[in-house]
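Both complexes below contain subunit A, partnered by subunit B and then by subunit C.
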Partner chain A sequence: MFYLSLFFQYASQYLKTRLTYRVDMVIEILSDLLSQGVNLIFILIVFRHTAFLGGWNRDEIIFIYGFFLVPYAIFSSFFNIWDFNERYIVKGEMDRILTRPVHSLFQIILERIELESLFGAITGLLVMGYAMANLELTFVWYDILIFILMVIGGALIYAGIFISIATIGFWSDSRTDIMPMMYNISNYGRYPINIYNKVIQFVLTWILPFAFVGVYPASYFLNREEWYGYAFFTPVMGLLFFGIAILLWNAGVKRYRGAGN
Partner chain B sequence: MSMYLEMIRVRFLMMLAYRTNYYSGILIYSINIGAYYFLWSAIYGGKEEIQGLSVAQMTTYVAVAWMARAFYYNNIDREIAAEIKDGKVAIEMIRPYNYLGMKTMQALGEGIFRLLFFSVPGMIIVTLIFPVRFDASVTTWLFFFISLVFSFIVNTHINLLTGIMTFFLFNNTGLIRAKRVVIDLFSGLLLPISFYPEWAQTVMSYLPFQAISYVPSMIFTEGFVGQEIYHALLTQIVWVIILLIPIRLLWSLAKKHLIVQGG
Partner chain C sequence: MNVIEVQNLRKEFNSYTSRPGLAGAFRDLFTRNYKIHAAVDNISLTVKQGEMVGYIGENGAGKSTTIKMLTGILTPTSGSIMVNGMNPHKQREEFVRTIGVVFGQRSQLWWDIAVQESFRLLKKVYRVSDEDYNHHMGHVIETLEIGPLLDKPVRKLSLGQRMRCELAAALVHNPPLLFLDEPTIGLDVLVKLKIRKFLQEINEQYKTTILLTTHDLTDIEALCERVVLLDEGKIIYDGRLDQLQEHAVEGKQIEFEFLSEVSRSSLPRVENIQWEQKDATTWLGYINGDEQMVSRLISDVVQKNPIKNVRINEVSTEEIVRKIYEEGMALT
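So, the complex of A and B:
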């Protein structure tokens, strides 16, 4: 309960700061829209030159992308830890975090929320709606519950992977380029997994399971029964990877010695 | 002049101090190129060629585009924005060098570092894994490097412009992000410009972005031959010169407008 009220206080505080630089916030939301637009344009242009991508048609690929946007929006609103190393370890901010009366990871999440990223979820729903209309997909009432489960699972997978990578900062405080590259890799979960070779399929399924954020769960709604097994595994993978991240984080905090002044 | 050379050297050495981190970067870059390779193979399906590029040329295009990006890409826009926000820029301005010149030199030092320690080993790894062809003729390599220098300048110009905009917007993380997305799409990094519909190609031919990635990649994959190469290089030069104008204008305007927000 304490955590919850703290969360809302931080969120309202955040909105106040953001509204100080209104122009910038609008540009930022627009730039998010733009980058989503770019990915859609990529898909649209590619399908001017081909009818199928590994057996999936244009609207199915668009649907997968739309689905991907929803967990991704939740992840980027609440788990902004890509610059954890520079911001907290190198600058010594972590010392301050550890004096706070909540779990250190929760405190960082609070400080780094970016609520405007949630707009991406709306874009995602619209994109999915567009694809569904073209594909004439139907859904039943419990699909909404499954959708929510899948989205939470996907967001937790993202969070788990990125928190785990951030914990490297506890062991080595030198600069690393892994984070931005990870964002690039994460994009491949948006495309059908079967276009990659076996090694990459394995990596995207079990090591960096980005396929569980896009193509696997989306295939449930696209009635692609051959992928159902993976699709229903999404929430499990989410809990598993998030759990591992928390363990790594706690181990890292124990080891933390402080690097700042 | 020696002062600016020193700036390149210092930034180079600074990057060198952290070089171990780049080995993981190369690995991940290769995975990145690899995933595009599979994506393009699937897009080609059984097709011999799309828009005059074979699947082998396309793979090379992707690999070269990403490796070139390691050279021209830099974060000076973000650095300038940070220095404006914390007020450091005021001190930089009274120092005996051109601030924008210094930033360009730092970017160059970073670029040279990445070219040697990132692109070269990266290219070797990529050639071992994927059917990428780096056996282009000497003249092709030569033209490629010339156009790479221009693509660095054009990209740096755009970064300077974006950075200077902080003077007027005060907080421009949004603009910086938008710029990066626009460059990825319109520079030809993700898709060769020739894949776009006619009308979009026309629009893009009036924009500076294709000078960044499309031109060097097309030269390397020999998608451009003969007269086309000279024409492409000329376009790059024109943009190098044109972009100087808004930089000059905004910079002198910014100096009058400077509001230090902190520090």
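So, the complex of A and C:
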């Protein structure tokens, strides 16, 4: 409860500062839209040459992409920790975090929120709506609850993986280029998993489970019953990976050695 | 009541040394030469409530490392720490509510937002009630004279203004124990005086215990009765500041400036006096002994040699500390 009210306090403060830099914010939202547009065009071009991709048609893949945008938007609004090592370990900002009576990871999440990324979720919903109309999909009322559960699961998987990678900074203070690589790998999750080779399928399912952010949960809404088992595993994977990340984080904080003055 | 109780505290850091040359770099890939370095080496320390303690040492002596362990930022390698009756790193979130921390080289405030917004966020973080906040912070803001700065964003403040706001920010929750790491670094004399006065006030009013590190020993002279001297991770002196002055350098220093060049042989030879030549016409006499020696020495010297100027120097704490570090003077 305290954490929730703290969240709102930070969020309103964030909005207040952001609104003073209006141009900045508009540019950021536009550049997000642009990259989403480019991704969509890529899908459209692929389907000019083929009607099916691994047994999925164009609108299904567009739907998967639209679904992926929603958990991704939530992740990028609340878990901006890709520069954790630079910002908090090398510059020693972690010292300040650790002198305050709130869980350190939660404080960093609060300090780094970027609420404008949530616009990506709206784009995602529009893209999904478009694909659904083309596919003539119908849904029942509890699908909305399942959708929310899947989205939270997907966002937690993303958060879990990226937090775990950020904790490397507690053990090694050298720079690593894992973060950008991980962003690249994460993009694989938004295409049907069965178009990849077996090893990549395994990795995307169990090791870096980005498939649970896009194709698996989306297949539930596309009535692809062969994937239902995986689809319903999404929230479980989310909790599991996020839990592991928290454990790693707490262990890492004990190892924190601080930056010299 | 002891606010801080530290026993045999030790913090080791692993560092590795790299071998020279390309071949060395390749060998480093496989086996590194690890070296264990104790930044803090078996320190024991107790601080009572209401004390103001100056914590001094050269760069790298282990001051910051100690403070970071006392505030729960770093986990000690061994030894026990009890601060405000808690174990700082084990009960971190509960513990930090009872302390205030100011790192002079690092800002606690949010860069882009107005000072009072920062205070409001901190008030929320520390769960301070409106009533307590208004009552306590009203006084703090008034004494530090930061009222007119409250609606300015931090990035627009000067260093002195910012530092006063930092201090106020550390006191939002009115902590009984305050850690100040270099709070006056880079500040001008007026701001320094203001900050010192304020610290004395809260110490008297709230019995706030203050642990202070600084490079400016005049801060310590003005504020602390007790000093702890640290060298290479070990405590080399822990006691009253005035005793340190007595122990380290007894007596006074007299500077004679003569009209012409003077050799050592023409200066009086007395047991309790040490002579040191500053330049061709200037000599420094160090007197070990009572006050009467001073006038006797001056009259002796003046009778034999024509002088231009005589100055009696009180030895400053800074000089004492310098002497201790340079000469490794043993203190117990």
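Throughout what follows, the second predicted complex is superposed on the first by the 260 of 261 C-alpha atoms of A that agree within 3 Å, B and C clash if a C-alpha of one lies under 4 Å from a C-alpha of the other, contacts with A are read in each partner's own complex, and residues count from 1 in each chain.
Quick note on the criterion: a contact is a pair of C-beta atoms (placed from the backbone, for glycine too) under 8 Å apart; a residue touches a chain by one contact, two chains touch by 3 or more.
Computed from a predicted model, the values in this text were never measured in an experiment.
Participant: Regarding the shared-chain residue A:K16, is it in contact with subunit B (first), subunit C (second), both, or neither?
Facilitator: A:K16: touches subunit C, not subunit B.
Participant: Looking at the overlay, what does A:G258 touch: subunit B (first), subunit C (second), both, or neither?
Facilitator: second
Participant: For A:V102, is the partner it touches subunit B (first), subunit C (second), both, or none of the two (neither)?
Facilitator: In the superposition, A:V102 touches subunit C alone.
Participant: In the superposed model, does subunit B or subunit C contact more residues of subunit A?
Facilitator: B
Participant: Check whether A:F2 is in contact with subunit B, with subunit C, with both or with neither, and answer first, second, both or neither.
Facilitator: second
Participant: Is A:I178 touching the first partner subunit B, the second partner subunit C, both, or neither of them?
Facilitator: It touches subunit B, and subunit C stays clear.
Participant: Which residues of subunit A touch subunit B in the complex?
Facilitator: Touching subunit B: residues 21, 23-32, 34-35, 38, 41-42, 45-46, 48-50, 52-54, 174-178, 181-182, 184-185, 187-188, 191-192, 195-197, 200, 203 of subunit A.
Participant: What residues of subunit C sit close enough to touch subunit A in their complex?
Facilitator: Residues 13, 64-65, 68, 71-75, 89, 92-94, 96-97, 99, 101, 103, 105-108, 110, 112-113, 117, 120-121, 124-127, 181-182 of subunit C touch subunit A in their complex.
Participant: Which part of subunit B faces subunit A closely enough to touch in the complex?
Facilitator: Of all residues in subunit B, those touching subunit A are 18, 20-22, 24-25, 28-29, 31-32, 34-35, 38-39, 41-45, 47, 50-51, 169-175, 177-178, 181-182, 184-185, 190-191, 195-197.
Participant: Considering only the defined contacts, which subunit A positions touch subunit C in the complex?
Facilitator: 2, 5-6, 9-10, 13, 16-17, 92-96, 98-103, 254-258, 260-261
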